[in-house]
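In the two complexes that follow, chain A is the common piece, with chain B as its partner first and chain C second.
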Partner chain A sequence: MLESLHHLGYIHRLISHHFCQLIVGLRKILAIELLTLALVLGGVAKGQTYGTDFHRVTVQVSQVTVVLVSLGTVNLSISGANAVAGQNTMTVTDLSTSFLWGTNVSQRKVTAQTNLAAPLFTLKVLAVNPTQGSAAPEVTLSTTAQDFLINIGKSSGTTQLLYTGVALASQGTGADAHTVTFTVTVQ
Partner chain B sequence: MKLRRITGTDSLQPPNETTGGAMKTQILYIARKTTKTLVAVLTMAAGLYAQGSSTQQSLILRVMELNKIGLIGGSLKLTIDKLHAELFAPAPVVNANTTLLWTSNGENKKITVASNNNNSRYALRVAPQEMSPGAGVAAPEVSFSDNKNHDFIVGVNRSAGKCVIKFSAAADVAKGIGSDTHVVTFTITSS
Partner chain C sequence: MNYRIRNKGTVLKLTLLLLALVCTFFTQQIAAQPITVGNNITMSITTGVAGGTLTSVVNTARTLTYRRQLAIAKITVSTSCPTQSFTLKVLATAVPDGIAAPEVTLVNGMPATDFVVNIPVRPPNTARSCTLRYTASATFSQGNSIEDGNDVHTVTYTILAQ
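Up next is the complex of A and B:
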């Protein structure tokens, strides 16, 4: 009985020893396989380039100037609310629209003019809160371009358009239809 | 493996064949090249147009007909407390401390005056004076005896002006003592 127990213990140790050797052996085989695969893949990747070619890419930036107004039409109306008893002058203002620009050229300014050669009433425009450049003094619009915004060179920005319509009681009633043109030009 | 370079002109490479269809292929190549160049030029032109340095805004300035009238000076009080030495009657009193102002960009307007008191005990009259030149024509003095509108200034055309309002009050001895209250209204209206 005692010999049988010793025999069983021997068999157990023998099996455990061989099992451990088997695991170590499998690990070695797996490591070798992975190394071989890496070498093969590396060789394939390196050997995939069969030639090169090139072309020249030139980026050229030309003079670009873009301008726009936030709204195409403005209506100004002088009515009873804009008049004071005893005063001949009546005014109305509008600050609802903006002028936007972008230019990559230095030494630039913005001018303003109207197409209406003989208006009944006076129309003025002023740049309010420009993000770049300096507002010129309030412009009384005529068919001659006048400075509206100066020193804007190489910038993009916006400014509010403050229109002021002025009429005298002695001028009576009526309407003026202006096309106001804003132009970025050389300063 | 040969990597093929992909560019936008691959299809326009000049043909190398020298076979029978070479001439036709050459013509086709030139046509394609010309079309491509034309498209490029037109695209550039369109781009430049879109990048214009001017912009326009339509603006309409309308002036409607307007008529404004106002008074400087609040309520006033005329007190008859003196006797006219020669007439042996209460002496009339005058107040000229109120100013009337108006503005009209219309034509053929006038300013009228009215009192709400049509049964006053004492006489009250009103007249404009020190009129702004060219702003209208002073009407004759108005004596309030009813509550109708009476012309005060006429011929107001596209003008702004002002005048002093002269109030005169008188009382007969027979009327005794007391008081009248008037609410006097000035109106700018069509002639």
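Up next is the complex of A and C:
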């Protein structure tokens, strides 16, 4: 009887010992698996880059020069009101129009000319208050292009156009119809 | 001792299983690119307004394709254009997953800037595409490509955990 009890106690201790080993083993397994999982998931943690790709975008800009005159027609009329007794010269001015330009090409200026080869009277033009560049001296318009605005560089801007019509009393009466051309060109 | 041997066997099996899962995960990642962007683009500015500026050009011909990830993600954009003269902006439109950030002005050497944010986690793991809206602009004073050369941007998109 005592021997049997002794055997039972031995078996119980044996089972307890192996059970404890099993628990310890399972804990190790769990620890290893958790560590591995943490390493895997850690790879997708905050700031992790998943992928990248690129392409090329080319921006090309042509040489562009554009000009515009604000109004199509300017009328200058010299009448008796412009005459001064004893003076041969009569003048009239107009500041109602503007010239606008834009150029992205370096070293540019603006010239002015008329298509009228033999006008009866004199027509002059001057750039007033240009936003870019410098006004050339007043131009007496002819069929030869003359500097009107210089050193505009690569810019866009505007300037007022001051036209002056000049007639001499001795020139009599008549009318000149000018087509005035402004050109952005190489300085 | 037998339990230890059995435990080692179990550890080995579970580890192999986990490795298989990891390999599957990364294989999927390689097979399905997280992000791809369309082909190269050329944008040409050819007109302008007297007294104003050159006329800007818009291109919406390219898409950006991306996938949801295991965590909430975002897409950033950056560019490299060492001889930049002109202005280039990009905006994500028609974004199916996530929220488009405000339009980004692309400047050479810029830090990566948010482009699409709050992209939800998977599933699904299907490819989603948004439209890239590029806007190129220039002022007259910025010159032209004949004198100054083209701007060639290498625009990089990156998807990362937010």
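What to note about this one:
Definition applied: the second predicted complex is superposed on the first by the 131 of 187 C-alpha atoms of A that agree within 3 Å, B and C clash if a C-alpha of one lies under 4 Å from a C-alpha of the other, contacts with A are read in each partner's own complex, and residues count from 1 in each chain.
Basically, a contact is a pair of C-beta atoms (placed from the backbone, for glycine too) under 8 Å apart; a residue touches a chain by one contact, two chains touch by 3 or more.
Treat the numbers as computed from the prediction; the structure is a model and nothing was measured.
By the touch criterion defined above, A:179 lies against chain B but remains apart from chain C after alignment on the C-alpha atoms of chain A. Looking at the shared chain after the overlay, A:129 reaches neither chain B nor chain C. Legend: residue contacts after superposition of the two complexes on their common chain; A:107 is shown touching neither chain B nor chain C. Of the two partner chains, chain B is the only one that A:76 touches; chain C does not reach it. Once chain A of one complex is fitted onto chain A of the other, the partner contacts of A:156 are limited to chain C, with no touch recorded for chain B.
With both structures placed on the common chain, the touch criterion links A:121 to chain B but leaves chain C unconnected. In the superposed model, A:88 makes contact with chain B only, not with chain C. Touch criterion met: A:169 reaches chain B, while chain C stays clear of it.
With both structures placed on the common chain, the touch criterion links A:97 to chain B but leaves chain C unconnected.
Shared contact residues on chain A (touching chain B in one structure, chain C in the other): 48, 50-51, 53, 55, 64, 66-68, 103. By the touch criterion stated above, chain A contacts chain B in their complex at residues 48, 50-51, 53, 55, 64-69, 71-80, 82-88, 90, 92, 97, 99, 103, 119-121, 123, 161, 163, 165, 167-185.
Considering their complex, residues 1-3, 5, 7, 50-70, 101-107, 158-162 of chain B touch chain A. Of all the residues in chain A, the ones that touch chain C in their complex are 18, 21-22, 25-26, 28-29, 32-33, 36-37, 40, 44-64, 66-68, 100-106, 153-158. Interface residues of chain C, counted against chain A in their complex, comprise 3-4, 6-7, 10-11, 14-15, 18, 22, 25, 29, 33-54, 62, 66, 69-71, 73, 85-86, 88, 106, 134, 136, 138-147, 150-162.
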